[in-house]
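In the two complexes that follow, chain A is the common piece, with chain B as its partner first and chain C second.
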Partner chain A sequence: MIKVALAGNPNSGKTTLFNGLTGSTAHVGNWPGVTVDKKEGVYKKCAEPISVVDLPGIYSLSPYTPEEVIARNYIIDEKPDCVINIVDATNLERNLYLSTQIMEIDVPFVIALNMMDAVEKKGDRIDAAKLEEKLGVPVVAISALKGAGLNVLMERVYKASKEKRVGKTVLESGALAHLIRDVKIALAGQGVENPLFHAVKLAEEDELEVKAHKDTVKMVEEFKDTFKDDTFGDDFEALIADARYKYISENFSSVVTKKDKEKFASTKSDKADRVLTHKIWGIPIFLLVLFAVFHLTFSEDFLYLGKIFGFASLEDLGVDTEAFGGQLLACFYDGAVFSPGVIINNLWNDIIVEYAFGWLIGLIEGSSMAGWAIGLINDGVIEGLKAVLSFLPPILTLFLFFSILEDSGYMARIAFILDRMFRKFGLSGRAFLPMIMGFGCSVPAMINTRTLADDKERAATIRVIPFFSCGAKLPILTAVAGAVVAYFSVGNADLITYGMYLLGIVTAILAVLFMRNTSLKGETPPFIMELPAYHAPQFKNLMIHLWDKTKHFVKKAFTIIVASTIVIWVLSHFSFTWAFLEDEQVNQSILAQLSMLVQPIFTPLGFGSQLGTYGWVFIVAAISGLIAKENVIATFATLAACLAAMAGSGVNLAGLDIEAEEGIDAVQAMISATGIGIPGLIAFIAFNMTTIPCFAAVGTAKAELMNNKSYKGTLIFWIVSSFLVASAVYTIGSWWWTAFIWAAAIALTTWCIISYNKRANEKLNDGKLK
Partner chain B sequence: MQKLLSDFAVGDTGVIKSVGGEGKIKRRLFDMGITPGAEVLLRKKAPLGDPLEITVRGYELTLRKNEAQFVTMEVQK
Partner chain C sequence: MPIVLAPVNTELRILRVIAEEKVKKHLENLGVVVNGTVTVLSSSGGAVVCKIKEGRVALDRDVSTKILVTPA
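This part shows the complex of A and B:
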C-alpha cells in the first residue's frame, strides 16, 4: 500500500482534509512516548489504496516541540512515498516557510493549496500554476471544506509517489550556500540519507543534528570563524530563517494578486475580536460563555424557565414516574425544563443504561449461580460498568462545547485574555480551560491539557484538576453540609458548600506554586501563539472528534476502573475467612477490618481514633469513593443500615430516611454513631475533595502523563495534599490558634524554597562564569 | 527611530530591525515570521495589559511583552 504523510500548519484545514480523504477508515492512536494523537486512514479512490498518516500541526521542522520532532522523524525515518503539504492560501507566506523546509528532504512532495475559495471571495487571486513552476513541485488548489479538488490532488500524489525526488533548497544563492554544499557532500560521502536536509539543519546548529553528526559539525564551526554578516553576526539559525522568508516574499509576491492594497486591512475576524477581546468587555464576555457552557451541560432549570414561570412538578401534575412514559417525560422535565446536557444524561442513564443493565441484572439474579457470584457480577462488575458509563454524557457534552470553542478559534483568545493572570503561578493562559473544566468532570479536563506545550506545566495542571470540585463531589458536599446544619442546627449549608469550593481553588493555587518552585520547576513556557481567524466549526469534524474521545475514554478507563471496582467489591463483601457477606454485614468485611487498622492515621484529620469503635465508617466511605465519588454517600446509606442492625451501635434511625437520595439523613446516622464534630466533618469533605479522585480520573491521568514516575508522583501528591488540607481544616476548626502554627509552617516552607532556589541559581551562575 | 516591540503602543507600526533572545524563544519567533524586514502592527493588548496581539505577514500573532522585548523595531510614521 502506498504510504502518504499529511503535513501542514495548525489551523490550515489539515484535519478537515484528513477527514475528507479517509472518512470512516480513520483511527486514532498515540505517537510512541508522547500524548500527541496519531491519526491514520485509507484513501480508496485511486488505482491503489493509499494510507494517509496525519502528522501533527507544525510551523517548522525545528527541534523544540514534540510535534515538530515527531513530524520530522516520521518523514525521515519512516520514508513515506509522498508528503502532502497543506498550505493555507489565505496565509501563504507563513505556510510556505514550512514547505521550504520539507522541500529539502529527498521525498516526493505535493502542495495542497487550501482555502482558495476564501481567497477568491476576498477578491484576491493566487496563480497556482505559477506557484508550481516556481517551487518545482506539484501544486493543487483544493477546498478541504467543500471536498473540492481532492480527487485531482490524490491523482497527482499517486503519480508523484511513483517517482524519486531529490531535495532542493531555497538557500542556494545565499551567503551560506557554500557551507551547505560542502557539508552536504561530506554527509553524502558518509552515506547519510537526505544529506541536504541534514546539511541545512547542521548549519543551523540544530540540537538533534549536532548530536547525530559530531564530526561534521566542525566544518560549520570552522566556517563560522571566518564569517561575519552585518545584521546577524554568526547566528546562522537567524540567517537561514531570514533567508527562507526573504525568498518567499521575493518570489511569491508575483503569484498573489491582492484586491485590497491596504497592508493591515481589517477582516471579519478583527471585527469579532473588537468585541470578544475588548479591553473591558473581554473578561465578562468570557465569563458569560463559560457560564453558558456549564448551564447547558448541568442546569436542571434551562434558562431558569421553571423559576420564572413557576412550572408545576410532575408529582403535582399527577404523572406516574414509575411507568415508562412518566420516566421518559421525567428525563426532560420536572418542574422545570432541563438543559440539553441533563436531558442527554437522563436519557442515557435513566433509560438506556438502566433498562439494558436492569435486564442483565434480572437475568443473572434469576440464574442458579451461587450468592456470592451473583453479587460479584451484579454489584461488582455491572455496577462498576454502570459507574463508568454514567460518566459518558457529561464528558461528551463538555467535550462538544469545548471543541466548538476550540475549533471556532475562541479558545486561543481565552488564553490571550487570561495569560497575564496565570503567569503569576508559572502557568500559561492555556492552563485555565482544563482547570475550569474540572468543575464539570476531571476526565475531559485532563485530556484537554494536551493543548499545553510544556510537560511540566501539563503535569502540574493534571495534578490540581481534581481540586476543582467536580459534579460527582457535589453530593458529598450537599449531604455532609446538610447534615451539619440539620444535626447541629448551625450555619448555612450553601455557605459551607461555597467555602469548600473556594478551599479547593486555594489549595490548587498553593499546590501549583509549590510544584512550579520545587519538583516541577521550569521557566514559564513562552507564549507565542497564532490567533487563528474565527470560523464556524465543522459538524463532521466535531462528531469525528467526539467519537475518538469516546473510544479513548472507554478503552483507557474501562480496564482500570472495572478491575478496581471488582477489588473494592471483593474487599467489602468478604471477611478475612473468605466468607461471603451481605451488604448489611459490611462491618465484618476485609475493607472494614483494614479501615479499623489504619484508623489512627486519620486521627489528625478528625475522623480517626478519636471517634471510637465506629470511626472506620468514614474511612470505608472515602475508599469506596475511589470508584466514583457518588459512592461516598451511597456507602453511608449502606453503613447506616448495617450499624442500625448491630446491637449497641447507638444508631437510632427513628425519624431518619437513610435511603433518601440527598444522603443528609444517612450522614446524620453516622454522626450519632461516631459522635464526630463539625471540624471532623468538614475535614472529611476536604479530604474527599483533594485526595485521589475516582478511578476514571486516575486512569486518565495515567494515560495522559505517559511517564510512570510522574504518574506515581501524582498519586503520592494527591495523598499528601489531602492529608495536609484535611488536617489543617480539622485542627484549625477545633483549636483556632493552630491557624498560626499552620501559617508559620507555610511561611517557613516558602522561605526554605526561596532561599534554596536562590542558592541553586547562584551556583548555576557561578558554574557558567567558570 | 528605534524602539522595542514591547514598548509599542496600540496602533503603532514598524519594520523589524533585529531579533535577540536565546534558543527556543528566538527560534519560535523566527518560525512564526518575526524576522528582520517584516512589517508589524501592534493591534491590541490583552485586557490586563499583556500579552500583545500583532499583525505580521498577514496573520494575527500573540506574544508576551517578555518575548516582545527581544524584538527591536524601526518605527514607521
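This part shows the complex of A and C:
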C-alpha cells in the first residue's frame, strides 16, 4: 500500500483534512514512547488504496519539541512514499517556512494549499499555479472544511509517489551555500541518506545531527572560525532562519495579490480578542464561560427555571416514577428541568444501563450456578462495569464542551490570560484547564494534560488533579457533612462541603509549589503560543474526537478496571478460609481482617485504633472507594446492616433509613457504632479527597505518565499527601494548638527547601565559574 | 526597546532576540527573526499579543522583555 504522511503547522486544518481523507477508517494510537496521538487511516478513492499518517502539528523540523522529533524521524526513517504538506494560505509565508525544510529531504512532496476560501473572502488572491512553478513541487488548492479539491490533491499525490524526488534547498545562494555543499558532499561520501537535509541541519548545529555526525561537524566548526556576519555573528541557526524567510518573501510573495494595500488591517478575530483577552474583562468572561460549561453538564436545575418558577415535583404531580413512562420523564424533569448533561446521564444510567444490566443480572440470578459464582458475576463484574460505565456521560459531555472551546480557538486565549497567575506556582497557564476539569472528572482532566509541553509540569499537574474534588466524591461530602450536622446538631452542611472543596484547592497549590521546588524542579517553560483565528467548531471533527475517547475509555473499563473490581469483590466476600460470605458477613472477610490489621496506621487520622472494635469500617469504606468513590457511602450502607445484625455492636437503626440514597443515615449508624468525633469525620472526608483516586483515574494516570517510575512516585505521593492532610485536619480539629506545630513544620520545610536550593544553585554557579 | 514597551498597532522591526537557544529557535520558527517585522496588537501587564507574518502570537512577560524592536 502507498504510504503518505500529512505534515503541517498547528491550526492549519490538518486534522480536518485527515478526517476528510480517511473518514471512518481512521484509528488513533500513540507514537512510541510519548503521549502524542498517532492517527492513521486509508484513502480509498484512488487507483490504489493510500494509507495516510497524520504527523503532529509542527512549525519546523528542528528537534526541540517531541512533536518535531516525531515528524522528522517519521519522514526520514519510515520513508513515506509522499509527504502532503498542508499550508494555511491565510498565513502563507510562515507556513512555507516548514515547506522549505521538507523540500530538503529526498522525498516526493505535494503542497495542499488550504483555506483558500478564507483568502478569497477577504478579497485577496493566491496564484497556486505560479507558486507551483516557483517551488517546483505540485501545489493543489483545497478547502479541508468543505472537502473541496481533495480528489485532485490525492490524484497528484498518487502520481508524485510514483516518482523519485531529490532534495532541494532555498539556501543555494546564501552565505552558507559553500559550507552546505561541502558538508553534503562529505555526507554523501559516507553513504548518508538525505545528505542535503542533514548537511543543512548540521550547519545549523542541530543537537541531533551533531551527535549523529561527530566527525563531519568539525567542517562546520572550522568554517565558523573564519566566518563573521554583521548582523548574526556566527549564529548559523539564526542566519539560516533569516535566509529562509528572506527567500520566501522575495520569491513567493508575488503569488499573493492583496485587496487592501494597507499594511495592517485588524480582523474580526482581533476585534473579538480585544474583549476576550482584555486586561480586566478577560478573566470574568472566562469564569462565566466556565460556569456555563459546568451548569450545562451537571446542573439539576437548568437556567434555575425550577427555582424561579417553583415547578412541582413529579411526585406532587401524581406521576408514577416506578412505571417506565414515569422513569423516562424523570430523566428530563423533576421539579426542575435538568441540564442537557444531566438528561444524557439519566437516560444512559437510569434507562439504558439499568435495563440492559438489570436484564443481565436477572438472567444470571435465575441460572443454576453456585451462589458465589452468581455473586462474583453480578456484584463483582457487572456492578463494577456499571460503576465504570456510569462515568461515560459526564466524561463525554465535559469532553464535548472542552473540545468546542479548543476547536473554536478560545482555549488558547484562556491559557494566555491565566498564565500570569499560574506562573507564580511554577506552572504555565495551560495547566489550568485540566485542573478545573478535575471538578467534573479526573479522567478527562488527566488526558487533557497532553497540551502541556513540559514533562515535569505535566506530572505535577496530573498528581494534583484528584484534589479538585470530582463529581463522584461529592456524595461522600454531602453524606458525611449531613451526618455531622444531623448527629451532633452543629454547623451547616453546605459550609462544610464548600470548606472541603477549598481544602482540596489549597492542598493542590501547596503540593504543586512543593513538587516544583523539590522532586519536579524545572523552569516553567516560557509562554509562546499561537492564537489561531476564531472559527466555528466542526461537528464532524467533534464527533470523531468523542468517538475516539469513548473507545479508549471503554477498552480500559473492560480490562484494568474490571480486574481491580473483581479483586476487591473477592477480598470482601471471602474469609481467610476461602468460605463465601454474604454481604452481611463482611466483617469476617479478608478485606475486613486486613483493615483491622492496618487500623493503627490510621490512628493519627482520627479513624484508627481509637475507634475500637468497629473502627475498621471506615478503612474498608475508603478501600472500596478505590473502585469508584461512590462506593464509599454504598459500603457504609452495607456495613450498617451488617453491624446491626451483630449482637452487641450497639447500633440502633430505629428511626434511621440506611438504604436512603444520600447515605446520611448510614453514616449516622457508623458514628453511633464507633463513637467517632467531628474531627475524625472531617479527616475521613479529607483523606478520601486526597488519597489515591478511583481505578479509572489511576489507570489514566498510568497511561498518561508513560513512565513507570513517575507512576509509582505518583501513587506514593497520593498516599503521603492524604495521610498528611487528614492527620493535620484531625489533630488541629481535636487540639486547636497543634495548628502552631503544623505551621512550624511547614515553615521549617519551606526554609529547608529554600536554603537547600540556594546552596545547590551556588554550587552550580561555582562550577560554571571554574 | 523591548517589545513590552512598544506602541500598539505600529509596525516594528526586530533588532535582537536575547533569549536562550531553545526559546530563540522556537521564536524563529514562528517568524520572529532579526530584521523581520512585528506589530503589537495588545499589551497588558507585560504580556503581549502580536502579529507576526499573518499569525497572532501571545508572549509572556519574560519572553517579551527579550525581544528588542524599533519602529520600522
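FYI, the second predicted complex is superposed on the first by the 768 of 770 C-alpha atoms of A that agree within 3 Å, B and C clash if a C-alpha of one lies under 4 Å from a C-alpha of the other, contacts with A are read in each partner's own complex, and residues count from 1 in each chain.
Here, contacts are C-beta pairs under 8 Å (C-beta built on N, C-alpha and C of every residue); 3 or more make two chains touch, one makes a residue touch a chain.
Keep in mind the model is a prediction, meaning the values are calculated, not measured.
Novice: Here chain A is shared; do chain B and chain C fit on it together or clash?
Specialist: In the superposition, chain B runs into chain C.
Novice: When the two structures are overlaid on chain A, which partner does A:Ala118 contact: first (chain B), second (chain C), both, or neither?
Specialist: After superposing on A, A:Ala118 lies clear of both chain B and chain C.
Novice: State whether A:Met421 touches chain B only (first), chain C only (second), both chains, or neither.
Specialist: Only chain B; A:Met421 stays clear of chain C.
Novice: Should A:Leu513 be classified as contacting the first partner (chain B), the second (chain C), both, or neither?
Specialist: A:Leu513 sits against neither chain B nor chain C.
Novice: What is the contact status of A:Glu237 with respect to chain B (first) and chain C (second): first, second, both, or neither?
Specialist: Touch status of A:Glu237: both partners.
Novice: Pick out the shared contact residues on chain A: the ones touching chain B in one complex and chain C in the other.
Specialist: Shared contact residues on chain A (touching chain B in one complex, chain C in the other): 59-60, 62, 64, 90-94, 97, 231, 237-238, 241-242, 245, 263-264, 269-270, 273, 277-279, 412, 416, 419-420, 423, 526-533.
Novice: So in the complex, the part of chain A that touches chain C is made up of which residues?
Specialist: Residues 59-60, 62, 64, 90-94, 97, 231-232, 237-238, 241-242, 245, 263-264, 266, 269-270, 273-274, 277-279, 412, 416, 419-420, 423, 526-533.
Novice: Under the definition above, what is the set of chain B residues touching chain A in their complex?
Specialist: 13, 18-19, 23-33, 35-39, 41, 43-51, 53, 55, 57-64, 66-67
Novice: Over in the complex, which chain C residues touch chain A? Could you list them?
Specialist: It is residues 9, 11, 17, 19, 22-31, 33-36, 39, 41-42, 44-47, 49, 51-63 of chain C that touch chain A.
Novice: Along chain A, where are the residues that touch chain B in the complex?
Specialist: Contact set of chain A toward chain B: 59-60, 62, 64, 90-94, 97, 231, 237-238, 241-242, 245-246, 263-264, 269-270, 273, 277-280, 282-283, 412, 415-417, 419-421, 423, 429, 526-533.
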